[in-house]
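Below you'll find a set of structures to go through.
Two complexes are shown next, each including subunit A; its partner changes from subunit B in the first to subunit C in the second.
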Partner chain A sequence: MIEGLNPALILIIGALLVPLFPQPWRRVYVIALPLVSMLQLVLHPYGSFAEASIYNVPLETFRLDNLSFIFGLIFHIAAVLGVIYAIHDDDPIHPTAGLIYAGAAIGAAFAGDLITLFVYWELTAISSVFLIWARRTESAFKAGMRYLVIQIGSGVILLAGVVLHYRETGFISFNEMNLESIGGKLIFLAFGIKCAFPFLHNWLQDSYPEATASGTVLLSAFTTKLAVYALARGYAGTDMLIWIGALMTAFPIFFAVIENDLRRVLAYSLNNQLGFMVVAVGIGTPLALNGAAAHAFCHILYKALLFMSMGAVLLRTGTCKGSELGGLYKSMPFTTVCCIIGAASISAFPLFSGFVSKSMIVSAVAGEHLTFVWLMLIFASAGVFHHSGIKIPYFAFFAHDSGIRCEEAPLSMRVAMGISAALCIGIGVFPGVLYSILPYPVDYVPYTAAHVITQLQLLMYSALAFTVMMLWKIYPPELRSTNLDTDWFYRKGATAALLPVTALAGQTTDSLFTALAKLKDRTLGLFDKTVGPGAWLSRSVDSSGMVALTMGSLLVFLLLYLL
Partner chain B sequence: MSQIPSQLVEQLPAIQLLLTLLAAPICSMFRNGDLSWRIATVASWASVACAFALLHQVWGGGSISYEMGGWPPPWGIEVVIDELTAIVLLLVTLFGALVMTALRESLSSIMRHQRQSLYYTTFLLCMASLIGITITGDAFNVFVFLEISSLATYTLIARGRDRRALTAAFRYLIMGTIGATFILIAIGFMYMLTGTLNMADLSERLPEHYDNKVLHASFAFFTIGIALKVAMFPLHYWLPNAYTYSPKATTAFLAATATKVSLYVMIRFIFDVYGVEFAFGQMQLGTLLVPLSIAGILVASLTAVFQDDAKRLLAWSSVAQLGYMALGIALLNANGLTSAVTHMFNHAMMKAGLFLALATMIYRTQSSSLASLSGIGRTMPWTTGAFAILGIGLIGVPFTAGFISKWYLVSGALDKDWLPVAVLLIISSLMAIAYIGKMLDVMYFKPAPSEFAEIKEGPKSMLIPCWIFALLTLYFGIDTRLTAGLAGRVASNLLGAS
Partner chain C sequence: MKEQQENTWFDKPANVKKIIFALCVVCALLLVAEFFYHKHAYFAVEEWFGFYAFYGFIMCVLLVLAAKVMRVFLMRDEDYYD
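Moving on, here comes the complex of A and B:
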């Protein structure tokens, strides 16, 4: 342990050296690097280190406390799992970009001031886009570009907010802020974009499914959880977050059930899980913040596990479309078991990790007597079970046998999935270990009769609904192969309700774009006439013209001064 | 033992001027381009060392007064060096020397070997005269050196291979002469009133004539004359052509130094000779300067966006950037002046680097049209890399030098509660993104034309100076003691003196 050395720097600088290592050593190096960095973190005492100053503004580049520690730790674990998962791949882009990305996210979590936060914030955007581009397809390139524009945009808004905040308050440290000033609002918006708030969320579902199999695993871990951390640090207890979060838990469910690409389904459910954390941050009590941190911790693990299992399927079959998969449990039994463990965790089955963290959040909501929010969360929990707990494993591994016979996932993927699955169960069975590193002291017992029974009721009724659906399987197999039958009402309802809206929106945007194009043509024409090459403002004026101009100016000045 | 060095140190201001001034005729005596280049390069780097030594002496405040030929002022010619002088000196010598280093390779393709020595002579003369303008404490001397620099510059521009360089040089000649004449008239009026030419002496004697119409006329002539030299909107029309048609790396030198030194003269005269109260209070310079500089920033940025020749595009961007500096002066508060002085240095650095990187590209493509530069990011990755860093600096992205000056400028505008001005500055930055982005887009993302598909990376002697400029841009984006720190002290001195 070197006191004051930021683990983020170990990762970022170390990652830049990855391409220099020849192949067998590179594998060792990329696994050792995050482990060394994690060791540095775990052994490091709390406090503020590596203080610097820039433009006479004091910086606090490495702040370690209860809240940043747990996020730093889980980011490290995710980095280790991510590189192990992809170790079979010879492409050096993945470990390099992935470890820089992890380092940037960790650096942002340890940032004690807003300028450092901004630097790492932008670095996460720039490094992570390579994970999308690494797939090297046209659509991945375009999705990456869109992703980059939005992420950089978030950074620019953050910078504008930081500058205004600094001018208003004179403080640059990254602590609690409020929404009263413009600066505070802009920073909140920047966080909101990365956190995929409703209506700001589309980049997530757009880009994550386009990344490489291993890229998505890393992407799912850092960016959004970093935003949750930033919100918890800056805006804990902001009431607006409760409603934003509640909306986030509910609306992705409708989209998830009508989606066929299973990695996109997971991207929607990622959004839904973020909603739970945002609600908890909005409540802002110690119990809720503990819940947010714990849920982020568990969520990174089981979401990575689910993305890993889908990545393995993608690697072996070349597709992640629900309609084309099915019956894979025969070929990929290990992956199937891991996927089911991930699904059980995300659905919050007792004895799995999701249960011990989600119940904290639900209890915190109940403790504040927010009945409507509580109902929304319960609804969302049921919804999660539908699309992540049942839909993902069912369509990929069971359902109608697609006839695909492939190899089991490579060893590296199985090792990474195995570790993640073990952690998911371990946390579910021994929650005390997780609770001991939460930001606030915990006196919360997850396994009470009431908690377990409520959750089991919820899950059992969902399972019952699923069973009923199974009985209705007299429907033609094509329908089943694309969508869950029980969600027929959502699907029809959502489509019917959304159709006029989307049609209207389509028309509006169409006419808007036509108008804009017309405007563009006209202004460009105007510009060509005025400032274009050779036009009157930019053409070369001959000597007599310039002399006349000078004399005119002198005359104006003289008249002005002498009269 | 310390006898000789201390004497040497006392003579530094004279040495600073003489190094390049004497190297010029020596260069012209040789008909060997390489040898002349060596002499010129050694002289200019020695002059950089000298500038550093002088900066070291005046660092943290204080000034050096040197009597030329031992004649005490106000009768003799005085050389005055304070922090503002020192930073401008450093700008002229350092960036001049860097360009000089790159110049040999750049010239070899367009000029016969024997002619080159004369070109270096002119270059050195130009540098010497700019140094002279900067360090002199005598108003008439300013005019003399201004004429020398103008004459040298005409020659430099006219050496461009394109015929249009001749007309561009001719126009610059006419405009430069008018500008210098106006400044001479202004100085003459002041001499008529006070009977002295020493700047310090003038500033003491002028206040009693503040209500005199002659002084008002003098100020009007000076403002127009110097505005021509600075290429302030709308008297900027000579600049784009002069920059576009001047040969190769020379543009880098001109863009870095000539207008900046004129701006320095403007600051010196307005603040130290005429006095702030007279210029801004009685003469209302601010009401003219603010709208004109803002209009200049916007019009020139917009024009730059629509250019299809890389050199001309950068030249228009220079007009816009000079507007930033003029606005900084016109704001008349600590942040504004800090920004003007900082941007003088930063912009000189970035624009010289950009023009040099462009010259390296043109060295291979023989054309500066944007179309011929397409795809050059793949064939000349190092040159384009330096260009990209410098371009990003010019936009004003955080952690580059350009950000520092823009930050102070926007702060200055906000200090005055001029929110619309701040917004306009942000809009002009967006335009900078557009014109730099346009070039980077062409360089990196357009396919290379077939005739340039095989071109090689530029020669090292040009690449290394390019990268020095690029790295300095990053360095001065983080460590601002030399730029903004010094400029802050200069600003409070200038404002405090009033």
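Moving on, here comes the complex of A and C:
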């Protein structure tokens, strides 16, 4: 351990060296790097380090405390799992971009001031887009561009907010802020974009399913949870977050039910799970904030596990569409079991990780007697089981046999899925380990008879509803389709609305170029006429005339001289 | 090999029926369990008999029905954006 050395820098600088290593050393290096960085974090004492200044503004580039530690730790675990998952792939882009991305997210979580936060905030955007582009398809390229515009946009709004906030308050440190000033509002909006607030959410469902199998696993871990951390640091106890979060838990599940691309279904459920964390941040009590941190921790693991299982399916079958899949448990039994463990965890089954973290949040909401919000969260809990817990494993691995016979996932993927699955169960069975690293002292017992029975009632009757609707053929079948979401507004609406403008711009540039071409032709024509071949300036004249002229002038000169 | 794969446990309709039957038994037992634990209720609705069970069932049905209606308005061809 080197005191004051930010683990983020180990990752970012170390990641830049990845392409220099030949295989098989690169494989060893990319796993060792996040492990070394994690060791540096775990052994490092709490406090404020690596202070610097820019234009006499004091910066605090490495702040380690109760809240930043747990996020730094889970980001490291996600980085290790993400690189193990992708190790079979010789493409150096995954470990390089992935580890820079992880380092940037960790650096942002350890930022003690808003300038440092901004720098790492933008670095997460720039590094992560390569995980989408690594798919190397036309649609991935376009989705990556849309992703980049929105992510960089969030950073620009953040910078504007930081500048105004500094002017208004004179402080640059990253601590509690409020929504009273314009600066505070802009920073909140920047966080909200990355956190995929309702109507700002669709970059997530648009881009994550377009990334590579390994890319989506890494993408799912960092950006949105960094935003949850930033909200918990800056806006804990902001009432508006309760309602934003409640809406976030509920609306994505409707889209998830009718979505065909199973990785997009997972992206919707990611949105839904973020909602639980946002509600908890909005409540802002120690129990709620513990719940938010614990849920972020568990969520990163089970969401990565679910994306890993779907990534394995994508790799082996070439598709993730529910309408094309089915019966894969015969070919990929290990992946099936891991997917079911991930599904049980996200659905918060007792003895799985989601149960010990989500119940904290639901209890915090109940403790505040927010009846309507509580009803929405219970509905969302049933809904997430419905689409992530049942739909994902059912349509991929069971349902009607698609006839697809493929290999089981490669060893690296199985190892990563196995570790993630073990962690999901481990946290569910021994929640005390997770509770011991939460930001506030924990006085919470997840396994009471009431908690377990009511949760099982909710889940089992949701499963019953699914079964009944499948048997009666009410359940909407998986269809090859695109469902409109808010991205319609900028992918179709804005293009249509801007059509007159773009047409006018096209006409203007066209006429401008025509005029330029004419001008060029005329200039060249004039040039040709004067100095071109055979033009009067370049015409060769008879030398006898010149001799006669010289003789004549000499004669005149002589005559004048003699006079 | 292929023939062997086709005849897995889940492929037999009788076994699927067994799973559904087991689910029904579990659901029934969970309602019976209502009588055997102390409710630490924050809200009045929690006191209702089997609130979580019925709420979960009804809301899931409504969720799916609403999603089916959404399909009418929101569903487009797969290559809509291309």
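Methods note: the second predicted complex is superposed on the first by the 471 of 563 C-alpha atoms of A that agree within 3 Å, B and C clash if a C-alpha of one lies under 4 Å from a C-alpha of the other, contacts with A are read in each partner's own complex, and residues count from 1 in each chain.
Keep this in mind: contacts are C-beta pairs under 8 Å (C-beta built on N, C-alpha and C of every residue); 3 or more make two chains touch, one makes a residue touch a chain.
Just so it is clear, the structure is predicted and the values come from calculations on it, not from any experiment.
Trainee: For A:Arg167, using the defined touch cut-off, is the partner it touches subunit B, subunit C, both, or neither? Pick first, second, both or neither.
Mentor: First partner only, subunit B.
Trainee: Of the partners subunit B and subunit C, which touch A:Leu159 in the superposed model: first, second, both, neither?
Mentor: first
Trainee: State whether A:Val547 touches subunit B only (first), subunit C only (second), both chains, or neither.
Mentor: Only subunit B is touched by A:Val547; subunit C is not.
Trainee: Scan A:Leu20 for contacts with subunit B and subunit C and give back first, second, both or neither.
Mentor: Neither partner.
Trainee: I'd like to know which partner A:Leu35 touches here: subunit B for first, subunit C for second, both or neither.
Mentor: Once the two structures are laid over each other on A, A:Leu35 reaches no partner at all.
Trainee: By residue count, is subunit A touched more by subunit B or by subunit C?
Mentor: Touched residues of subunit A are more numerous for C.
Trainee: Return first, second, both or neither, reflecting whether A:Leu562 touches subunit B, subunit C, both chains, or no partner chain.
Mentor: So A:Leu562 only meets subunit B here.
Trainee: Using the superposition described at the top, list the residues of subunit A that contact subunit B and also contact subunit C.
Mentor: Comparing the two interfaces on subunit A, one with subunit B and one with subunit C, no residues are shared.
Trainee: Could you list, by residue number, the parts of subunit A that touch subunit B in their complex?
Mentor: 54-55, 118-119, 159, 167, 527-528, 531-533, 535, 537-538, 540-543, 545-547, 549-550, 553-554, 557-558, 560-562
Trainee: Which of the residues in subunit B end up touching subunit A in this complex?
Mentor: It comes out as residues 168, 170-171, 174-175, 178, 182, 213, 216-217, 219-221, 223-224, 227-228, 234-235, 237-238, 240-241, 283-284, 288, 299, 302-303, 305-309, 312, 316, 398-399, 404, 407, 414, 478, 480, 484.
Trainee: Residues of subunit A touching subunit C in their complex?
Mentor: 139, 253-255, 257-258, 329-330, 366-367, 369, 371, 374-375, 378-379, 382-383, 386, 398, 401, 405, 448-450, 453-469, 471, 474-476, 479-485, 491-492
Trainee: Where on subunit C does subunit A make contact in their complex?
Mentor: Going through subunit C, the ones touching subunit A are 2, 5-6, 8, 10-11, 20, 23-24, 26-27, 30-31, 33-34, 36-40, 42-43, 45-46, 50, 52-61, 63-68, 70-71, 73-82.
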